[in-house]
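Chain lettering (A, B and C) follows the sequence in which the chains are written, and residue indices restart at 1 in each chain.
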Amino acid sequence: MDIIEAKNLFYTYEGEASQRYSLEGIDFRMKAGEFVVLLGQNGSGKSTLAKHFNGLLPLQQGNLYIAGLDVRDPANLWDIRRKCGMVFQNPDNQFISSVIEEDIAFGLENYDFPPEQIAAEVHKALALVGMAGFEKKSPHMLSGGQKQRVALAGVLAISPEIIIFDESTAMLDIQGRQEILQTIQQLHQAEHKSIIHITHRMEEAVLADRIDLMKAGRIVASGPPRRILADLPLLTSANLLPPLPVRLYEDLRNAGIHLAECPLTIHELTEQLCRLS
Amino acid sequence: MMHSAILSGHYLPNDTPIHRLNPRAKIISFFTLLAVVIITRSTVGYTALGLLLLSLAHLSKTGPRIVFSGIRRVGLFLLLIFLMNALFFNGDRPLWEYAFFHISVGGIAQGANVALKVIFLMALSSILMTTTTPMEITDTFAWLLSPLQRLRIPVHDFALMISIAIQFIPVLAEESETIIKAQTARAAKLDSPKLREKANALLPLVLPIFISAFRRADELALAMEARGFRGGKFRTRKSSPGFTRLDFAALTISIAFCAAAVILHR
Amino acid sequence: MSIVVENVSYRYAAGTPLESAALKQISFTIQPGEFIGILGHTGCGKSTLIQLIAGVLTPATGRILLDGKDINQRDFKREYLRKKVGIVFQFPEQQLFEMTVERDVSFGPRQLGLPPSEVQARTRQAIQSVGLDYETVRDLSPLTLSGGEKRRAAIAGILAMEPEILILDEPIAGLDPVTRKDFMAFIRRLHQEGKTILMVSHDIDELSAFSSRLLVLDHGELILDNTPEKIFADKARLSELRLGVSQPKEIVDSLREKGIDLPSDIFRYEPLLTALINRFGGQNE
């Protein structure tokens, strides 16, 4: 059984004059432990889709099962949110307390964890994101990357199986972005969490097991990074730009220089170029 | 980031007797002492209260710097209160009079009285805020207001809402500052002498700040829901531990002060 | 129009226990027509520095001279400064507030007291120059625009004041790739049309693509001030500052280490492509 099974999802935001579909016939499946990047330009429907997976947006049309639970049944809502956590874009808008341990305890209290276990769970969640020892600190005093890691700890505390990063790296500087990406990879590899990462940065998409490319409410392509990111016409049609090594590969090819394989990283690129000489 | 620390009398983690107090005992003592500050009028009363506050600041390791930094921010306001009273209050033992100015010993005493009350109130609050976490305060307020629950007032949600709103003040203050700078750079005239222009000049500041506050509120609401928040439900909190000897001591001292103040200033 | 920054220091939270130095003794000169990139980690003081230059903050010590006159002197006309120096803050779309795009963009010119015909002409021109269609957007509420369009409208509001020096704080943060690329092309065009550009970013690729000069700030100090070639030549210094080089430069360095001879001063994409074609072209035939 797949951990997420979506069939033929349609969604339109209320009051939108044009009544344009934000999701238009989405089929999406994900295996437990997979790391999927949803790639697409702003407004392509990535966030709208992801907000269906934890019931933040109601199901209008289609079928959706999260870990076997039918999203259409309101009785499942709290269980689904427990299985599927979400880290948002703006790190400042996610904290409910100015003391980190209290903020992380918020989810645990919502799910009626026994009070005597809470401190230990909070500590465990902070340790997972490399922020142990910050229990009593204020999130407002941290860097962007640290804030997002604390927000992630707040989600991890209730042990979700799926974690969605809804453009969680978009507002961070390079250092903060690296911190979050490292944490994502560690959660994926060591904790076997299922990850959905929403981004429009190619260098982040390279890390995924699978990329689903979205355009105007549809998934237009789905496959391993090597296939999606090397497909220049596909990326162009979705209004995206290829990673720099892919661009260089194409430009060299147009100049009559053929590398054996399309490189995705700078390391692969230089290896290929060395083989030429 | 810098401002948030200064703006809020921010919680400072520490292990002191004041931190260890049961939040309920602490907040009841806080209100009792608040009453003392309001009742007190005499030199003896202020001296005793001053000494108590100093020892609390010392005990809680809040330190005079933090207590003082809060008072400094309202320094101008304090001076104004003092001068208003000292200059205009028609008290006993007049020293000098001209038109509607009356300087008198009584007026100066009155000015000092009001200014001292404000200083003591601020000191007391900053000791509470630096030693008690936002959630402890939230839960205690919800507990104090819990009789209202019978009237179907969602007391806990209300307390949580207020607490979160207070915590967003530093974020919004920082953002307001940026918007003020951005509009100043667009030649917005914020210091126009004409009242009409002044009102118009506020629009470019107030509207973006409101829009942003609503956007933030929206995102926060989503984030809370995603973490399993359900309104109208009492969440499990670390059950409040029973009162210890320390809590009884704190309550006894503050009630004793209150009784003494009532008797002294009857 | 030159700007001289002379021994400028600034302190955060002056007068409180949390007072700390944000900028220490910064000095440099901006010549007309330059494209300067300011680089550094979050909290290094780069935003503070540009706000001082735009005159929305006042330095603790030191002077900022616009054509030889201290902008913080009492007799310096603030409106003159607003006309000459425009600043685009990070996420500038947050400052939009009027009911229509036209009203919002014309806010600055109206505040400057320009005649209505001039205000209208400038507004139209500014809206078109950022790539929005004047007739389509003029009566729309700014809030109905898309993210990228909102940012364009906000920048039009600054351009309508026709500043000679344009300061940009992370202008493309949060935009999607194609919009980012269009935006950088647009900023480059403004530079080619004669504007002096001062751009802050933590992304070295974006900055080095167009800047003729880079300033590197660290902990409130101006550490490096040189051409990108010279700055990238000292990799050890850069890694000390926890900064990298641009991707093309990284590729060149990595290839040179592997014994492939390429000019070491390449740091932009097009020269890299040319050099690779020169080096490898003809081999496959």
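Rule of thumb we're sticking to: a contact is a pair of C-beta atoms (placed from the backbone, for glycine too) under 8 Å apart; a residue touches a chain by one contact, two chains touch by 3 or more.
From a predicted model like this one, the values you see are computed outputs, not experimental measurements.
**Student:** Which chains does chain A share as contact partners with chain B?
**Tutor:** In this structure, the chains that contact chain B and also chain A are C.
**Student:** Have a look at B-C versus A-C and report the one with more C-beta pairs in contact.
**Tutor:** The greater number of contacts lies at A-C.
**Student:** Using mean C-alpha positions as chain centres, tell me how far chain B is from chain C in Å, no decimals.
**Tutor:** Roughly 41 Å separates the two chain centres.
**Student:** Using Cα averages as centroids, what's the distance between chain A and chain C in whole Å?
**Tutor:** Chain centres of chain A and chain C, defined by C-alpha means, are spaced 30 Å apart.
**Student:** Please list all residues of chain C that touch 2 or more other chains.
**Tutor:** Only 43 qualify.
**Student:** Indicate the residues of chain B shared as contacts by at least two other chains.
**Tutor:** Within chain B, residues 1, 5 contact more than one other chain.
**Student:** If a residue has to touch 2 or more other chains to count, which residues of chain A qualify?
**Tutor:** Within chain A, no residue touches at least two other chains.
**Student:** Where on chain C is chain A touching in the complex?
**Tutor:** 41-43, 146-148, 173-179, 181, 202-203, 242, 247-248, 250-251, 254-255, 258, 260, 269, 272-273, 276-277, 279-281, 283-285
**Student:** Using the touch definition up top, name the residues of chain A that touch chain B in the complex.
**Tutor:** Where chain A meets chain B, its residues are 51, 54, 56, 78, 81-82, 85-86, 88-90, 92-99, 102, 105-107, 109-116, 118, 135-138, 140-141, 151, 154-155, 158.
**Student:** So in the complex, which bits of chain A are touching chain C?
**Tutor:** So the residues of chain A touching chain C come out as 41-43, 143-144, 170-171, 173-176, 200-202, 239-241, 244, 247-248, 251-252, 255-258, 266-267, 269-270, 273-274, 276-277.
**Student:** State the interface residues of chain C toward chain B in the complex, per the touch definition above.
**Tutor:** Chain C reaches chain B through residues 12-13, 15-18, 20, 43, 51, 54-57, 78-79, 82, 86-87, 89, 92, 94-97, 107-108, 111-112, 143, 157-158, 161.
**Student:** List the residues on chain B that touch chain C in their complex, please.
**Tutor:** 1-3, 5-6, 65-66, 69, 72, 175, 178-179, 181-189, 203-204, 207-208, 211-212
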